[in-house]
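In this document, chain identifiers A, B, C and D correspond to the written order of the chains, with residue numbering beginning at 1 in each.
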Amino acid sequence: MAGNTFGKLFTLTTFGESHGEAIGGILDGCPPQLTLDFEFIQNELDRRKPGQSHITTQRKESDTVKFLSGVFEGKTTGTPIGFIIENENQKSKDYEHLKDNFRPSHADYTYEKKYGIRDYRGGGRSSARETACRIVAGAIAKLFLQQFGISIQAYVSTVHSITLNKKHSELDLSKTEENIIRCPDADTADKMIALIENVRKKGDTVGGIISCVIKGTPVGLGEPVFDKLHADIGKAMLSINAVKGFEFGTGFDSVNYMGSQLNDIFSNEKGAIHTTTNNSGGVQGGISNGEDIYFKVAFKPVATIMQMQKSVNVKGEEVNLEAKGRHDPCVLPRAVPIVESMAALVLADHFLRMNAYKK
Amino acid sequence: MAGNTFGKLFTLTTFGESHGEAIGGILDGCPPQLTLDFEFIQNELDRRKPGQSHITTQRKESDTVKFLSGVFEGKTTGTPIGFIIENENQKSKDYEHLKDNFRPSHADYTYEKKYGIRDYRGGGRSSARETACRIVAGAIAKLFLQQFGISIQAYVSTVHSITLNKKHSELDLSKTEENIIRCPDADTADKMIALIENVRKKGDTVGGIISCVIKGTPVGLGEPVFDKLHADIGKAMLSINAVKGFEFGTGFDSVNYMGSQLNDIFSNEKGAIHTTTNNSGGVQGGISNGEDIYFKVAFKPVATIMQMQKSVNVKGEEVNLEAKGRHDPCVLPRAVPIVESMAALVLADHFLRMNAYKK
Amino acid sequence: MAGNTFGKLFTLTTFGESHGEAIGGILDGCPPQLTLDFEFIQNELDRRKPGQSHITTQRKESDTVKFLSGVFEGKTTGTPIGFIIENENQKSKDYEHLKDNFRPSHADYTYEKKYGIRDYRGGGRSSARETACRIVAGAIAKLFLQQFGISIQAYVSTVHSITLNKKHSELDLSKTEENIIRCPDADTADKMIALIENVRKKGDTVGGIISCVIKGTPVGLGEPVFDKLHADIGKAMLSINAVKGFEFGTGFDSVNYMGSQLNDIFSNEKGAIHTTTNNSGGVQGGISNGEDIYFKVAFKPVATIMQMQKSVNVKGEEVNLEAKGRHDPCVLPRAVPIVESMAALVLADHFLRMNAYKK
Amino acid sequence: MAGNTFGKLFTLTTFGESHGEAIGGILDGCPPQLTLDFEFIQNELDRRKPGQSHITTQRKESDTVKFLSGVFEGKTTGTPIGFIIENENQKSKDYEHLKDNFRPSHADYTYEKKYGIRDYRGGGRSSARETACRIVAGAIAKLFLQQFGISIQAYVSTVHSITLNKKHSELDLSKTEENIIRCPDADTADKMIALIENVRKKGDTVGGIISCVIKGTPVGLGEPVFDKLHADIGKAMLSINAVKGFEFGTGFDSVNYMGSQLNDIFSNEKGAIHTTTNNSGGVQGGISNGEDIYFKVAFKPVATIMQMQKSVNVKGEEVNLEAKGRHDPCVLPRAVPIVESMAALVLADHFLRMNAYKK
């Protein structure tokens, strides 16, 4: 109820501030007897960790997850999986000047007003560092879903003015990890990287769009009328730091078509019912229809820029602020596994919900 | 858990199929001693009801709400508010041909596969008729929020190719109800109406965008990290039939700016802290910052078109389908109060959540 | 969250005051394709209804349930089941003298203080009349459980000084419905009835104990560490009006034995693992072990007595109160189906929860 | 949903097996700006820890809690409080013989059947060791409640045949901690201790009853109809290992009185409404009425006895089992703070719920 729990049956609760002792979480509701591939989980964390390339923050943190419970001889036991990631390499001094100041477009002001107290170091709870816990649970969700042939792949499709203008079906998503921006098209990736390098030199930041595709879902995931599958995916995405928009299937572009142009016609393909187009984005009436689920997530530029900005302090006095420390000029590459993880959590949750009610 | 409950403290549970005896709901958690303005509630329902103008469906239903509990001498008692809206004027025969057929881009197929049984008449549970219950509860939420000076106003900003290119702050939203499309700009409204009339003659449908503004929120609504205010609003919107996308603040357009351009600078305005711009859309770090909350919701064209379409039946055989009955060429005008109602439910819920944890 | 919802996957939300228009509820999460035996459901309601015998209240209400949704051609559809029971035969005038007075050991005072407003007629929301809605949902839960061979039977084992001193295994529970007190032993039943008749003549009331047995449960129901099966059953029972205590298995009497006397020894009975005794009451570590689940529920005497009592009014002034109307000298016989219904709701809920997590 | 979360607004989620790396939890929803008295919290843990006296298990564990988040400069921040207690001194070898065997009246069999896998060492998740996490959160709840003058005190009132036959109002509860059994009456305590010493020499175990009193509650805690205050307290108690029964107010003994004898008469005491008796146990209609809340909790004898017992193994073969290691002959003294902690969690949760809905 206080906002740190996600999912109803496959349930993640997280804790931790960016400069506290550790961050961590409890994944409750992971079915028993699932083999945990620890290497895979750590690799997922590595995809998010700082310092992974020259276009991300140069902070170095190993982000090593330590499992404390719920796993026995390499398998889940059905009991809650507790885990922690110790905080390392925090330079809390970089933040002392923020104790009484509110950074523009950060959560400093709203946290201060809401709680009357805040751990100002590194953004405290509002830091995107908490998403590392989502990765841990998301990786387990992926392992769970993989058993049923469900896969989730996200990639960067837009960085500022550079857009990859291809449908997911035209791309070879296995190439996403081949470059540091995580765009499956090498040429576009190069342009994006160059743009980010340029932006970074200016001490500025840029945003972009992450696209995501979920393949192999059964028909039946989603619980209308409120917990429609895409509504829960949308909430999951909007809960990620810096996200400003979400669309699935033809999304906002749907506006540009007539019903007669957009409707997905059913046909019988070798004994199985499919749609000949997939403008619905794999979800109809809030329930997966077996086609690819695809959606886009818009990220604003990171708020922390390496430029002097005006602001106010807790007393309401005007101040000049300049960021210290090591920051991301563009979070997109590190956000790709976060998007996948949140999608995995939603899918695993709805998979269990579907199971519960199956006749 | 089965998807028919919305909200955690201000909680709406709904029931009802479009051609059953009645639809209805239970609003649990409405604080006591709130005076219910029944005329206002009914008026909200009237804004959604079918047959309200020549650009909506011509079905006639009075959509009269009947309160069964939770209200005593005109005031809420703090006990659950049960209500029903009887179904009238259903022409179930219009749907008999759909018993074994799946309409394109409708929920017929997914419901059939998920549940193995469905009330095919008028879409059953998947009909947008269920949103009438959201209006009832949303109207009560509005009355609750009004006590604290919080108001919610939505309007149609795009119908297909016609877009109202003004910010909400440049509009006189009191004019929204002056035309049947619910666009506060009279000229744009006329163009939208003409477009819909044209589309309807072709037996086709169009979608569009609804914009919404929430004014008067206190600082502090929203429960990070998962139940960020905008994430819950986003989910609420995505749970509405035909919605394909959601964005708040500068939304997808954020991508086109640098961090230095988009950051909202704090300033002290007559002793109160405000932002000089509001690209954040009134929410920072998932918590309301006291500025206007604004967002956009994309609706696809209605799936029911008055044209012959190919499809398949339950046996997987190809069939030709043609809609019967009376349908909307464009749901946007009727969706305006639904958007407002869902926003009101989220706000009321978070208001109570904020209250619970206040020191 | 406001307390009117029970269950997590098989979820009942109820509404209604005793003298309002109607009471009712929404059962969300009932699996699809369950055939609803309406006669059975109504019969369950009849077991609870007032006026059923001379030892219950003489109020006459038909308590006819009307289903509004979620059922199609006699079967559940997986969508929420909305239902109402209209209030009849309310004599609100009998309660006008209570508008400003607080009846001893009733909820008048606490409701007034908590909500600042209350529907004083017939106890309003605090009336045991709301349990009729639990019966409707409980009857559906019974039909659901019946498919898996699970049965639930309660009976009156104590009325004041008269106790049926036999274990459930020594009784023929099919005889429970053969007398108006619902005690499976005819002789004991006669004594109980005589006692109640006597108490009623004095204008007084008595309480007692209801025992309940659940047979046929699979191993595996219950979600430790907090949602242990017996903990959820206990809460369910304690939520019933007038209940003061709950014990399962050997209960409070466990105190009188040593561990060596009480431990249930496992043995292999024809290839199946069973316990040779069942002091555990069918639940070990919070999870059903396949043996009979049995428990007891203590009911205090009804607070409404037909005698003059001192009390205070809303101003704190001392007043004399005398009950009007028609009341139960002993609620036990009418509470038997309520106990069964609440047990059925818990079992159905945990059955779905078990299903959700099954490998 | 998987059972490891307790509370709706003041929410504890726990993890951990008795022989894993650590146990721990996340307390989400603790209001901000609460000063955490770490010494008090550790002292509460010490009241539960093993090895505290010669009548408890002789296992030695320091049970030191480590807070990882949610606390800044000694105060809560409103963000989730993550904490761990490392496991020490586990002698997993003592349990190797249990790998394939089911101990009588333990959870070995039900866990094995439910999950198909279990950490058999020390009972794994089913070990009462998990209650240490409840103590941590319960201690914080106590600190929270203390601000409003609410106190919670439990004590041992029965050990097997020795019962303290006094009402809580006749006792000086400040003496509870003066002896190792935690009974406020010194003479009775001595008898209880002697009894336990005797039982322990025989390698047997005994149970008993813990009484608990909550003073200083406001009128208004509890959310009928399902989340009645006593129903939630009852569930909390029944979720504790070895608990078999719960009663509040006059409890099961209510059966022995007439309504006219049991009703609590309201009176005006110096301008405040009170009841002249308190048979209701401080709760009426599910809502606290401001009087002392009191209840009793029955514990069965510990299942682990130091005697040879028959049982079966996973193959269904009959085996002889003998406990190894160091065990409690009677858990009552160590359970006193657990009872208090669970009561504190319920009260804090309902306090926040009451706040949320206050006009």
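Convention: contacts are C-beta pairs under 8 Å (C-beta built on N, C-alpha and C of every residue); 3 or more make two chains touch, one makes a residue touch a chain.
All values reported here derive from a predicted model rather than from experimental measurement.
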Could you tell me which pair, C-D or B-D, is linked by more C-beta pairs in contact?
C-D
Per mean C-alpha coordinates, the chain lying farthest from subunit B is D
Chain centres from averaged Cα atoms put subunit C and subunit D apart, in whole Å, by 26
In whole angstrom, what separates the CA-based centres of subunit B and subunit C?
39
Nearest whole angstrom, what separates the Cα centre of subunit B from the Cα centre of subunit D?
46
Subunit A: positions in contact with at least two other chains:
1-5, 8-9, 14, 29, 32-33, 78, 114, 116, 125, 353, 356-357, 359
What residues of subunit B sit close enough to touch subunit C in their complex?
1-5, 8-9, 11, 13-17, 20-26, 28-29, 32-33, 66-70, 72, 75-82, 84, 114-119, 124-125
Subunit C - residues contacting subunit A, complex:
1, 9, 29, 31-33, 78, 352-353, 355-359
Mind pulling up the subunit B residues that touch subunit A in the complex?
1-6, 8-9, 14, 102, 104-107, 109-111, 113-114, 116, 125-126, 130, 158, 160-161, 199, 202, 204-209, 219-220, 222-228, 230-232, 234-236, 238-239, 244-252, 254-260, 262-268, 271-273, 275, 279-281, 284-289, 298-305, 307, 309-312, 316-318, 353-354, 356-357, 359
